[in-house]
Every structure is written in structure tokens, then in C-alpha cells.
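Going in written order, the chains are labelled A, B, C, D, E, F, G and H, and every chain counts its residues from 1.
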Amino acid sequence: MRPEEVRQLLEKVRSGEIEVSDALDQLQYLPVQDLGFARVDTHRELRQGIPEAIYAENKTADQVVAIARELLRKTTGPVLITRTSAEVAKLVLSEWSDAAYNSVARLIVLRPETESSPLGLVAVVSAGTSDSRVAEEAAAVADALGMKIERIDDVGVAGVHRVLAVQDRLHAADVVIVVAGMEGALASLVGGLTGKPVIAVPTSVGYGAAFDGLAALLAMLNSCAAGVVVTNIDNGFGAAVFALRMLRQKSD
Amino acid sequence: MRPEEVRQLLEKVRSGEIEVSDALDQLQYLPVQDLGFARVDTHRELRQGIPEAIYAENKTADQVVAIARELLRKTTGPVLITRTSAEVAKLVLSEWSDAAYNSVARLIVLRPETESSPLGLVAVVSAGTSDSRVAEEAAAVADALGMKIERIDDVGVAGVHRVLAVQDRLHAADVVIVVAGMEGALASLVGGLTGKPVIAVPTSVGYGAAFDGLAALLAMLNSCAAGVVVTNIDNGFGAAVFALRMLRQKSD
Amino acid sequence: MRPEEVRQLLEKVRSGEIEVSDALDQLQYLPVQDLGFARVDTHRELRQGIPEAIYAENKTADQVVAIARELLRKTTGPVLITRTSAEVAKLVLSEWSDAAYNSVARLIVLRPETESSPLGLVAVVSAGTSDSRVAEEAAAVADALGMKIERIDDVGVAGVHRVLAVQDRLHAADVVIVVAGMEGALASLVGGLTGKPVIAVPTSVGYGAAFDGLAALLAMLNSCAAGVVVTNIDNGFGAAVFALRMLRQKSD
Amino acid sequence: MRPEEVRQLLEKVRSGEIEVSDALDQLQYLPVQDLGFARVDTHRELRQGIPEAIYAENKTADQVVAIARELLRKTTGPVLITRTSAEVAKLVLSEWSDAAYNSVARLIVLRPETESSPLGLVAVVSAGTSDSRVAEEAAAVADALGMKIERIDDVGVAGVHRVLAVQDRLHAADVVIVVAGMEGALASLVGGLTGKPVIAVPTSVGYGAAFDGLAALLAMLNSCAAGVVVTNIDNGFGAAVFALRMLRQKSD
Amino acid sequence: MRPEEVRQLLEKVRSGEIEVSDALDQLQYLPVQDLGFARVDTHRELRQGIPEAIYAENKTADQVVAIARELLRKTTGPVLITRTSAEVAKLVLSEWSDAAYNSVARLIVLRPETESSPLGLVAVVSAGTSDSRVAEEAAAVADALGMKIERIDDVGVAGVHRVLAVQDRLHAADVVIVVAGMEGALASLVGGLTGKPVIAVPTSVGYGAAFDGLAALLAMLNSCAAGVVVTNIDNGFGAAVFALRMLRQKSD
Amino acid sequence: MRPEEVRQLLEKVRSGEIEVSDALDQLQYLPVQDLGFARVDTHRELRQGIPEAIYAENKTADQVVAIARELLRKTTGPVLITRTSAEVAKLVLSEWSDAAYNSVARLIVLRPETESSPLGLVAVVSAGTSDSRVAEEAAAVADALGMKIERIDDVGVAGVHRVLAVQDRLHAADVVIVVAGMEGALASLVGGLTGKPVIAVPTSVGYGAAFDGLAALLAMLNSCAAGVVVTNIDNGFGAAVFALRMLRQKSD
Amino acid sequence: MRPEEVRQLLEKVRSGEIEVSDALDQLQYLPVQDLGFARVDTHRELRQGIPEAIYAENKTADQVVAIARELLRKTTGPVLITRTSAEVAKLVLSEWSDAAYNSVARLIVLRPETESSPLGLVAVVSAGTSDSRVAEEAAAVADALGMKIERIDDVGVAGVHRVLAVQDRLHAADVVIVVAGMEGALASLVGGLTGKPVIAVPTSVGYGAAFDGLAALLAMLNSCAAGVVVTNIDNGFGAAVFALRMLRQKSD
Amino acid sequence: MRPEEVRQLLEKVRSGEIEVSDALDQLQYLPVQDLGFARVDTHRELRQGIPEAIYAENKTADQVVAIARELLRKTTGPVLITRTSAEVAKLVLSEWSDAAYNSVARLIVLRPETESSPLGLVAVVSAGTSDSRVAEEAAAVADALGMKIERIDDVGVAGVHRVLAVQDRLHAADVVIVVAGMEGALASLVGGLTGKPVIAVPTSVGYGAAFDGLAALLAMLNSCAAGVVVTNIDNGFGAAVFALRMLRQKSD
């Protein structure tokens, strides 16, 4: 469409219908306006490989469905709906019978990645059963985006042997996502055990001075294990998308 | 002195010099005022076994010396001066030639405990060399108060094998003081490795989101290892005094 | 099991079935992986004396029951379920008819400690009736773990005579747990009255600038009474477990 | 001056020089502009009885001297300069040889109150020697404003008997100013011991989780002793001025 | 009772039944324990004039009723129940038919002060209708304690003329309680307009960066009007009790 | 009314019924009290052009209706009710059948501005659908106050081309209101793209370390685009009123 | 330059040297890359009217000079250097003898706006002498950018008459910048007195719970005067630039 | 060494010198103690590829040199000393004449990576000149570890065209490190422009409500660009090490 307009402009330049200087003026204005954007939009999916996701909080069920429909039409990859309430889930599922709803992760996946060969192996390591909601989000998103998942749960630092026992599984992964609340120490421990890229996801699990995840967040940001990076509190989705960014690189 | 006054009052009661009801009036007033306090003062040292300590920050060198002189005269146990500046140290050392000055811990000890048999063994475990100032304070105070010290330094959680390698030394201690800054994860790790009482001391080591020890403090308060207790940031002194409270118990 | 594998490896070394150098390679890998862990698991209960506890928040009733069943099978000591909701309590009680449910403390105890001689005497001192939920958790957990409990309630610092009146009961205890919200001053007061180990538990009682327990937490961390240690906000459980760590020491 | 203008306007109304409606228009505009303000200025000192004070921080020595000169000319009561640096003090003292400089309180008093009968008795109670800078400011300001001062120092809550011993001195005062850093518990203790008005002044004394006075501030705001009020951190000046507000009332 | 025991001890001393030294021992122990406290308890009401109040939050309706019954029996002044829920109110009202329930202030008053001459005049000034809950608590408590109340509502600083219009009513009061949320500027304005004692009560009214009253609290603590004091957020009760402390003084 | 009183006073001056000096005394007192305020009230609407608005939170439906009735009677411009709950809306709509209720913005408009020529063009730019509640408030308030609105939604910074594509619409506006939650980066981007006045409104959209809008608020306050100003979190109303202040200026 | 490249491309299209489709490909890539930016750069100054400013903090004197030289060459408007240290000022002044250095505002102005007719009148209102550093920055920047300045200093809210006395000067301004530290109440007061656009600048003046400007910032964000906007703490520069954005609008 | 001990043990098993069961006992104890650690140490470098780094803050120059000497002897890769003061730098440089000292990054590199083929291309993108200290640390560390660096400076979001102009350089990189202070919006912008892995490093650049990097940190954690991860404030080192973790993966 818009490139069409540029083409028409160029045709006019060629035919002499329009002066070069006038065309120049129009071009200086257009590109950052419309021309590029269809292109950028297309590029976005191709180049970024980051799926469009709908953050359902603060949106009505109708809004979510409308945006999902739009994305399904205009893009080709997976469409994810995160933080879905029961109400949203119900409406979406009634709309698309093949929608996959993960109630633990509060995630709906439409049109998941179905490539035969996974992009890589993501170890999702969680400290305790209470963190499973976030770990599940990380795992389910990564799965929907075509990564293979290795779940390692309930290996909190209070029983260090539990992590030590799975060192080889950590080393076998391409990227390790560590999910922990409370004092969030697991990130440092795992970061010290493996040289793999470690993405730390603090959770809001805990009470009192956990301050809804602040304690874990600060701990992970200050990890004495060099080279551990951190996402927002409870952001399993973000960790999985970062993993996608990394593994797409590798598979290039 | 004051008990003397009560004795005189009682003698007067006995001799009939004073009425019972008048004596009652006086006694109802006295006790919470003066009578008890010489007693409490005496009791304080006997019963609490907590040494008088002078927190030198925000005090002039002259004030510190004056208070120390008073304490030396009125009590019999160790007198500790914490957070001494160079200036304070100089004046105190010129006053008492046998004062022991620990420049790392910024601690001066006057009249240290010299009991032949130590109260118990305190393991002082620190995460990194940067934490040594606080670890040294804990160790030096504990030493001055008659405990035996086991120093285990530089065993931060990023290299978990370092702590694992000293497990037996942890188990051999009567109480374990864990000193760590940054994310403070060492407290949870040690708390999970041993069933000994673990006192966690967060330090202000770190930068950025360490927020001068807040990250370590919050992490330690939220330790997933059950039964780890915490002191103020950089409070090696407090940890040692708590150890004294515990070990005095044991040696009863 | 795993030790079995090592044994088999050693048998093979002895029998010459395998070369020393190959065995060495295998051993370098194994130990930190699996070998030690059965051992550590066994050791954990023996050595730490810290009961397995299930933090029920953020877990489904089914998850709680499943974990409890596992712990009952694999360990021998008390199994505690903390922060139980009514729903969790109902399911657990229907599962184990002898489960003891303390609705104030929101605690369920399975297989409590029944040693004839208590490990020691724990004074649980609380500032006000509003703090009773947390004080009850501390007391109930300590009781379940084999300690004798002395409850001293409603002795907030606004009426200092109330604490003064129970000084002898404080001195009679082996460890004192102080539970207070609002300004948390009781910890300093008790810490100054007794030389016993004082564990301060801030509570979320209060409003406005109490900031859900932050005021009490900060106050307790800054106690001018030397050697007072602190747990997380509302963490009566943690204080009781620390008491266990201490008293096990004493009873060795 | 301005009242003069109104008078002239009224004269013109009387003489018929100006219409009532025009005068009305002018009056509706004037009053809130200038008319009232000379009046308010005069009233201010008479009615409020609150001395003009110069907060010297962030001001140059020259600015401070200029403002002081202005105040001495335009008002009749004491002029106080708070938070004076050494440099400011030097210049002010060279300017007014009778200026009283209190280097502990960092306060300069010009033209102090010299009424023969004091407004009342203010007890200034401080927790420790480190708080003396703030206690001194409260006391020196109260003194300069014509109150009688009773200093009660070093009665921190860790040795509760020290406060108990001075109960009668608390009861003898008209108002009690409590100055404390660290956990600030002294305010609650004093507030519980006496029914006198208690003004709590948190200080920035302490370290780590004292967060420059935040811990004491929060504690004092949450005092379980009903009816304790609080000033800004280190604001001994404010407490003394509030005492003035109260005692002026009483002496009416 | 306890004084009775002392009397008996003294009688025994007189009769020679007991040695002076033995009596001394007993007295050194007793006073701070029980002797003084009946006295202190009696004194408390007489001397402090601070009513017993029950903070109903975190208490069951049964606990509240039980404490209220106890206070009615053991004291003679007003008994206040603050922060009552509907449930608590219902039970209390069914118990004492003459209980006065103020649903705006969430306050129940039992046995209010009925002295014919009020202790003084308290102006309760509030910024907006949204603050009325807290202003009502201050006013209702002050009323129950025998003060006369002047309500001045809805005079927020955005329309400064509204406060200016009531200046004379401010000057007529003995003490001014300023209740304001959001930016809490009214305290500074009133503090600048009158020399009367001004007690600032921040409220949790507002949203976003009001942070549940933190903005108003900080503003009031930093008031540029000298001598304004502050209570906890939403603490109308505390302001009224402080007024009582002051006015009792005045009426002595 | 009050001006009437002044008029009468002036009449008496003219008629000689009252002395000039006595009239002067009365006038010095009156103006800041009552005289001016009817005037100020009138002036308020004329001069400020800021509509009276009722913040419905923490008010009962009855209170809201009463205040609205009062405003409708005493003023002539639009009356806005912000943050209306469903309950408030119901009552207001039953009272005034022509009330316009915007359920997204939770805004009720009574007597909207109906000037034929709008004051100017306000671009309301929002980052995402989740921010629509706040954007709608800004737009609906601006509309009710007589401004023309240009909505530009869903142009968050993650897809920068979306903003670039609407640059000309930004340049066409008289003032730009940027509404964004999460990291609030859109304000800086827009502030850099246009030289128009940019008002940034942080929203509470987000989770975890968004801390209910704090992240967006801080980001906007620190915008590297010079000259961006900020309102309270979720304060679409405030942004629209500021726009009114600006555009009234322009149209003068 | 780059536009030159586009021109050449177009010439080639016209001459048939290059196919329309190939040109299209190149154009889709170029525009967002280089083509537009010279243009945007030019546009930036023309369209935004926002002067380039150098924030000198964290930059070396040499870096500052280098950037200034660059800006002088490539732009035509004023070049401002903010937050200059003495060292930076010295080097800049030695470089450009006509540089105007304002040591209070720590501002250097190169090539100030010298238009004969000012853009408008900016009232810069400050609460106290301590705020003068920030007020001076706002005024000096506004002056350098071609606005006329009205300084109204020392009108803090504690003496409300001072602001009332200058109401007409507020009404005469096109925009009002309010600079205040401590509790920042002046912004609400001014915002209520005038309907002019009010930009509030919190300052870091104060101590204790002022928390380096946080108290004033929060207060201003929560102003009950509708339509007051806020800048970062101490950001006089930003307020002046926002004024420029507004007044350029007006003068269009 | 220790593996040597195991070998000897195995030799004894083979030779029958020791029983299998006794060997088993010893092995169960050893591994987690010493056996593994030489191995782990060796493995650490091999497997993790994370260089040993010395955080020089809070360490004496002598301590730094001693640790560096140890690391040079026991490892083979680069040894980095971060946050070096001038004093530390001087001593280190006098010790190792080939040490490379980067004064902007405050980094010393000993024995840098000298592999001919770089691990990958790291784009280090910074918002402003003030951020150069942190950007330089990221770049210098990455360089020392064998990565190729692409510096893209001064492309802050206020001039969005600057980033747009370098899009192709972003796409060409294997990993993008974004360094920004103030509002930290650059991370979201870059994260939206490219699908490459983006590591955001907040800096402490800014003032007032930047709160030493907190604003940027929160903004980056809440990035609306999916899959952006964050390091501690000013932690350029950590970002570079995470890049190493990633790129080692890729080059496997």
C-alpha cells in the first residue's frame, strides 16, 4: 500500500509529472510517517522474531478478543495472551476452540510455534512450589515459541544439595531461567554453578519484608555471581522472550 | 548506698521510730525511683552478662574517654568502644596504654575477658574480602567477650563449593555468624547446611541497587532457610553480643 | 541407592574390572551430583533438627496434602503446615484425623514432638492482643517442636510496669521471643531487662506509617539494647525454629 | 501606609468626593492585597508569639546577616539562627558582639527573651550522648524563648531503670520533649509514664537500617502510647517552638 | 492488695518476726514486680488522664467486649473503642445499650466525660469532605474526653480564602487539629496563621503518589511553619488525646 | 451579601453615622474574613476558569449529590464528578437526567462547556489499551471544558514507528497529553519529537516493579527531553485542567 | 548531504538510469536511516524551539567545551550549560569571553536570545532564600530564551499574606513557576490563587524527612489545586523550557 | 592434589589395603569437602568461561594485589580489577608493567583474551556522554574477554532519530548492551527496534527523582518491549559478562 504511494511518486518523477525537488520534499516527510511502517511492521515479525503478546490485565474481555483477532489476521506467528482472568479465558476459548489455556500460567496460546526442531533447550529452575505460577508462565511461553523446556522445580537454596544434584541438567541447557521469591538466592547459586546465560525472575512469593518481590528483585540485581540478568517481578513471559531473542541468534 | 537507706528505714520500723504506714508510703515511692537502681545496675552486669559498650559515632573523643573511665570504675567486665575514628583511637590509646585497638574493626577493647575456658566456639563466616570490616568487628568483639573464634572468609555463594568445603567447621561451631553484603545469599545457604543457630549480618558492601545494605538485609530477613535471624546492617557487634547471650546460657 | 552405585564402582576397582583412572573420573563427577544427597537428606533431619515445614500460601490444598504425605513418609519428626487457609485446613483435617489445627496461628501440626523432657523454656512475650496471631504461631510451633512455652501477653511498652512485673519470668526462660507491631519498642525494653537471648518478631499490626510492619522491623533492627536479633515481619514460625536451633545446642 | 490609603478613601467617601459604589470596588480589591498585611505583620509577632528564625543551611553568611539585621529592626522578640556553619557563626559574631553562639546546637541567639518569670518548665529528655546535638538545640531554643529547661540525658530504653528513676522530674514538667535516634523507643516509654504532653523528636543517630532517622521517625509516629506527637528528624527547634505555642496558651 | 503485703512485711519487721536483712532482700525484689503496679495502675488514670482505649483492628468482637468490660470495671473514666467494624459495633451495642456509636469515626464511646465545664476548645479543621472520617474521629474522641469542639470543614488550601475567613475561630481555640490528605498543605497554612498549638493529622485520602498518606505525612513533618507537630496517618484519636494532655495541663 | 455590608458601612461613613477611624478598624478586620470571599468566589470562576470538580472517592453518594447541587446553583460553568463509583453514578443520573456519564473515565459531567469555538486542540496520546481509563479521563474532562480532542492511542515506545507515524498530528495540537504506565518512556519520546507543551501522565498500569505507577512517574520526572512536566499518577483530570489553564491564556 | 543522495537517486529515476522498483528498495531503507536526520536536526531547532542544553554533571570540562563548540557551529539559538562546576565555568569562560556565567544558577549562557519583544512574562515565585539557587536557574534560563522575568521571592506559605500581597503580579504573568522545598505547599496555594498555568518545581531544600526533595515532590504531585504540573526536583531549567514550549505557542 | 588422594584411595581399594565399605565412608565425606574443589576450580574456568574479577571497592590496594597475584597463578584467563581507585591503580601498575588501565572505566585488565577470532559483536549503546563511564566499563570488559565492540554513543531517546539512524548497526550485533541513566527509556526503544538480545544497564546519572539510578532501573524492569533484561545500576561489568555467557554458547 504505502510503498505503492512511493512507487507512484517515483513513476511520476520518471514521467516528468513531478519535479525532483518536489518529490524530494514529499519523501523527506513521508518516510518517517507512513512509508516505512508497513515495512517495519512486516520486518517486526521477521526480524525481531518476537511474538505479539496481549497483556490482558486492565483490558476488557472484548478488547482482548478484538486485539487477538487483529493479530491473527495481520501476523503469522504465535499470539499469546498473558495474565488472563477466568472471564477473559472463557470468552477467548469460546471464540477459538483450539486456543490452549494454561490456568496455572494464566496464559492463552493461539497458533503456537510448531517447528519440528526446537530453537534450543531452556531450563526453567524454580525455588519452590509457590513459585510455580511464574515458572509455568516462563515454560509455557517458551514452549509456545518453539523452545524445548526442562523443568527443575523445588530446588531452593535452603537445601543446596538439590541444585547440586541437577548440575548436569543445567549445563545441558542453552539458557537457564531461575524463578525464585523470598530472598531470591537461587539465582546467585545457579549463576555460580554454571557458565550458561542465567536469567533471574524474582517472584512476589513471600510475606512481610519480601515486599511483594522487592527483596528477591534487589537480591538478584546484586548477585555476586557475575553476569546474571534480571526481569521484572513475576515476569516469566519476559524471560522466555529474552530466551527467544538469544536462541534465534544461535540458530541463525 | 540506696539499699542502705532501705535498711535504715527498716531499722526505724523495727525500733518503732517510724510508723508502718509511713514506711509503706516511702517504700511505694522509692523502689521504682532509686532503691532498685543500684541493684539493677549491679544486676545488669551479673545477670545480663552484656558488656557495656560505647558507640563512638557522633561522640567527641573527650566524651568517649569520659564514658570509658566511668565504665571502668563502675563495672568489672570488658569495655568496648565501637566505630572509633582515628582521632578517638589516638586519644583512648594515649589514655590507656594497654588498650587494644583493632583498626579493621574500628574497635577498642579495654579490660578484655580473660577466662581460661572460652564460652564456646563462634564461626564467623564472610562472603568476601570487602565484608572483612564487619566480620572483623564480630570476631573481635566475640573474642573480647571470651568466645573462641573460627574465621571462615571469602566463601560467597557464587562459588558454592567453598562453603561446602567447610561444612564440618560449621558443624563444629556453637553458633555461626554469617556476614555478607550484595545479595546476602550466604545466610540462606549456611542456614540450609547446618542446624546450628545462624545469625545473619548484612553489610553495606555493594553498589547501585544494593542500597547500602538494604538488599542484603531484605534477603536475609526472607531467608527460605527456617530459623535464621538478622541484625542491623554492618552490626557485627550486635551479632557477637547475641552470641554471648546464647553461650552464657549454655555454660550455666 | 546412590551410595550403592559407588560401592559397585569400588567393587569393580577392587576386582580390576575398571581402571583406577576411569573410576577417578566417574567419582569426580558423581559426588556432588547424587552420591552425597541421600546422605545429606538423612543428615538433614538428624543434624539440623529443623522440621520440614510447608508454607501453604500460594499453594493449592492438593499440593499441600501431597507434600505433607511425602514428608510424613520420608522423615520422622514433626510436619508443620504454616499459613493455612480455611480451605487447606479442611482438606488436611479430612485426610489426617489426628492433625492438630490452630486457627489463630493458622498452623497445622502433624506428628508433633512428644519427648518427655522439653528442650527448654521459651518465653513468648507480646505487646498487645492484636499481635496474638503471630505470638500464637511462635508458641504453637515451639510447642510442636518439643519446647516448653511461657506466654506473657499484653505487656506493651506504653505501660512499662507490665513488663517490669514479669521480669523474673523473663529471667527464668532459656530464650525470649518478643512479638510486637506498631513501634516495636518492646524488643528494646526486654533486651535491656534481661541478658537472655532475645529474638524480636515485628508484626504487621498498626496502620498508616506502620507500613505493614516496616516501622516495627526497622525499630527492632536498630534496638539500642545490644544483641537483639530480628526475624521477618509476622514470622513467629522462624523465631520458634531459631529457638530450636539454640536449644538443641544446649541439650547436646 | 496602606491603612492610610483606606483612610483617605473613606475620607473621600465622607466628603462625597467619591461614590460609594466606586469605593466599594476599590475596597474589594485592596484588602487582600496590601491593606491587611502591615497589620498581619504586626499581628504576627503579637498574636503568634512565634519568633522569627533563620534557617542558615543553603544560605550564604552574607544573606544570613542581612536577614538577621532586618528582623532585628522590624521585630522586637528573639532572633534565632539555626543550623549555623562555623563560617556563618564567625560573621554573625563579628557583627553582633553580644550574639550567643551554641556550637553544639549550631544555634545563634540574638536578643533572647529576658522575662523574669519563665513561661513554664520544659523537660528535654534524650536517649544517648549521641543525641545531644539535637537535644541541645531544643533546650537552647526553648531557653532563648523564655522557658525554663530541665535536661535529662542518657536515659535510653535499654536501661529502663534510668527513666523510671526520673519519673518525678517528668511529672514536674509542663511539657516533655523526647529526643532519640536508633529505634526511638524512648518516646513510647515516656509517653506511657506520664500524662504530660510529650513531643517526640527523632534523630538521625544510628547506622544501617536507621536510614538517617527514618526508623526512629516511624517508631515515634506509631507510638502505642496514646497522644504522642512528632516533629521532623533532628528538629529540636520545632519542638521548642511548639512548646512555646503551648505554654503561651497556658500563661494567657 | 500488694501494698498490703508490704505492710505485712513491715509489721513483721516491727514485731521482730523477720530480720531486717531478710526484709531488705524481699523488698529489693518486690517493688519493681508487683508492689508498685497497683499503685501505678491507679496513678495511671489519675496522673495521666489518658483514657484507656481499645484499638479494635485485628481483634475479634469477643475480645473487644471482654477488654471493654474489664476497663469499665477497673477504671472510672471514658472507655473508647476505635476502628470498630460493623460487626464489633453490633456486639458492643447489644452489650451496652447506652454505648454511643459514631459510624463515621468508627468509634464507640462508653461512659463519656460529663464534666459540666469543658477542658478547653479544640478546633478541628479539615481540608475536604473526604477527610471527614478522620476529622470526625478527632472530634468525637475530644468530645468524649470532655473538650469542646469547633468543626471547621472543607477549607483546603486550594481556596485559601476559606481559611482566611475563619481566622478568628482559629484564634479562639485553645488547640487546633488540622486534618488533611493529599499534599497536606493546610497544616503549614494554619500554622502560619495562628500561634496556637497546631497538631497536624495526615490522612490517607488521595491516590497515586499520595502513597496512602505518605505525601501528606512528609509535607506536615517538613512544615515551614515553625512548631507544627504531627501524628500518624489517619490518627485522629491520637491528636485528640494529645489535646487532652495539653488541656489538662492548662486546667490544673 | 457581604459587599452589601461594606456598602452599608460606606453609606454610614458618607452620612456621618460612623467615624472614619471606626470604619477603618472594621474594614481592616472584615476583608480577609468575609467581604472578599463572595468576590473571590465569583472571581474564582471568572479569573481562574478552573471548573469546580468533585473528587468522589471517600465520599458517599449523598455527599456527592449535595455538593453537585450546591455547585450548580452557585457557579455557571461545567461541574465535573471524578472517580465515580457505579453507586455514585446511579444516584447522580437519577437526579439529573441530562448528566453525561463516561464509565471508562468514571466521570460525570454536568453542564458541559458548549462554546461554539473550542479553546484549542489537545492531543491525548496513550501508550497502550490498558492506559485507556486514564486517557479517557483526560480527554473527557478536556472535552467538557471546551477543548477539541485528538486521540492517539496505542503508540507505546516498543514500536516507535507508531509514534513517528503521527508526528504531524502531534505538531498540529496546541498541547500534548502523554498517558503511559509501565516504564513511561513515551513521554520522553514525544517530548523529543515535538516542541509543543507536553504534559506527562503516569498510570498505574503494570505489575511488580511498576509499583503502582511509581516507575512511570520517576521516569517521566527524569525525562531527558527538556521541558516535559508531570502530573500525579492516573491524574488525567489534572492534565486536562492544566491544558485549560494554558489555552485560556492563548485565547485571551 | 543525505538529501543530496536522495536527489541524485531521483535524478537517476528521472533519467531512467535506475528502475523504479530498485529506487523503491533503496528508499525503503534509507529514510529512517540517514535521509531524514539532517532534516530532523534542522527541524529540531525550528520546530521544537527547544534550545540545546549541556548538562555538565558527570562530564569533564573538555567534554563540555567540545560539545558547546559543536552546538555553536551547528545551531543558531542559545546554548546553555547547566550544573556547571567552578572548573567547567573557568574553562568555558576562557574559551568564550562573552559567555555569561551565573554562579548562583550554576548556568552558562552562550549566544542568548536577543529578540526585542519577549515571548511573554514568566513569574518565578520562590518560597525562601534557600530555594534561590533553583529559582535563579529557572529565571536565568527563561531570560536566556527570550522571556521576561518577574521574580517574587520569599513568599513561603507560613506567612500567607506575602503571597496574597502579590496576587496581581501572579495574574499579570503568562505562566507561573513556583519553586519550593520542604513541604512544597506554595504550589497548591498559588495554584488556588490564580488560573494561570502553574509549574511547580520541588527543591531539595530541607532536612530529615524532606528526603532531599521527596516531600516537596510528593506534595506538589498531590496538589489539591487542580491543574498544577510538576518537574523533577531542583529542575529550574526544565520549568523554564516548558514555559518556552507554552509561550512559543502563544506567540505563533 | 586432592584427586591424587582419591586416586591413592582407589589404589588401596584395588590392592585390598582398604575395605570397600571404609572407602565408601571416606568418599561420602570427601567429595563435598575437598575432592571436588580443585576440580571445580578447574572446571570453573573451563566450563563457565567467566573470568575471575576483583571488585576493588572496600579492599585495600595490598589486598587487591594479593588476590590478583593468586588469580594469575591459579587461572589462565583474563584477570579484571573493577572499580579501581587511583591508589589501587598505581600499585597494580607498579606491580605489573603490562597491566592495562582504563581510567574512564576504572578497570585494570591483566592477561586479556587474545584469541584471533572474536566471540561475537557486542553493540554498546549509551544515551549520553554522562553515561560514558558505565558504557566504557561494559565495552572494556567485553573487549578484554575477547568480544568485538561497536560503540554507539549519545543516542538518547530525546532525539529518537539518532537511534533510528543506527538501526542497521544494532541488527548487525550479536548482543546489544544499552546504557542509560535518567529515565532509562533507551532500553525500551532499542528493545522495540531490534529482536537481538538487549541487556539494559541503568546508570546513576541524573539528579533529584533519579534517586541514584532507581528511576532508570525501574523503567528498564518495566520495559514494554518484551524480553529486555536488566543488570544492577552502573553494572557495565555484569552486562559484559552476561554477553560472554551468551556468546560462548553461540561459538560452541
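Basically, a residue touches a chain if its C-beta (ideal position, glycine included) is under 8 Å from a C-beta of that chain, and two chains touch if they have at least 3 such contacts.
Predicted model only: the values in this text are computed from it and were never measured.
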**Message:** The A-B interface: which of G-H, D-G or E-G repeats it, judged by over half of the contact pairs being the same residue numbers?
**Reply:** E-G
**Prompt:** Any idea how many Å lie between the Cα centroids of subunit D and subunit F?
**Reply:** 38
**Prompt:** For subunit A and subunit E, what's the span in angstrom between their mean Cα positions?
**Reply:** 54
**Asked** By residue number and range, which residues of subunit E touch two or more other chains?
**Response** 32, 36, 40, 128, 159, 161, 164, 208-210, 214, 217, 221-222, 226, 232-233
**Prompt:** Each pair of chains that touch: what are they?
**Reply:** A-B, A-C, A-F, A-G, A-H, B-C, B-D, B-E, B-H, C-D, C-E, C-H, D-E, D-F, D-G, E-F, E-G, F-G, F-H, G-H
**Complete:** Residue set of subunit E touching subunit B in the complex reads 3, 6-7, 10-11, 13-14, 16, 20-21, 23-24, 27-28, 30-32, 35-36, 39-40
**Item:** Residues of subunit C touching subunit A in the complex
**Value:** 32-34, 36-37, 40-41, 44, 55, 57-59, 63, 67, 83, 202, 204, 212-214, 217, 232-235
**Complete:** Within the complex, subunit H is touched by subunit F residues 127-128, 156-160, 164, 182-185, 187-189, 191-193, 206, 208-211, 214-216, 218-226
**Footprint of subunit A on subunit F - complex, ascending** = 128-131, 133, 159, 161-162, 164-165, 167-168, 205, 207-210
**Item:** subunit D to subunit E touching residues, read off their complex
**Value:** 32, 47-51, 53, 171, 174-175, 194-199, 217, 221-222, 226-233, 237-246, 248-250
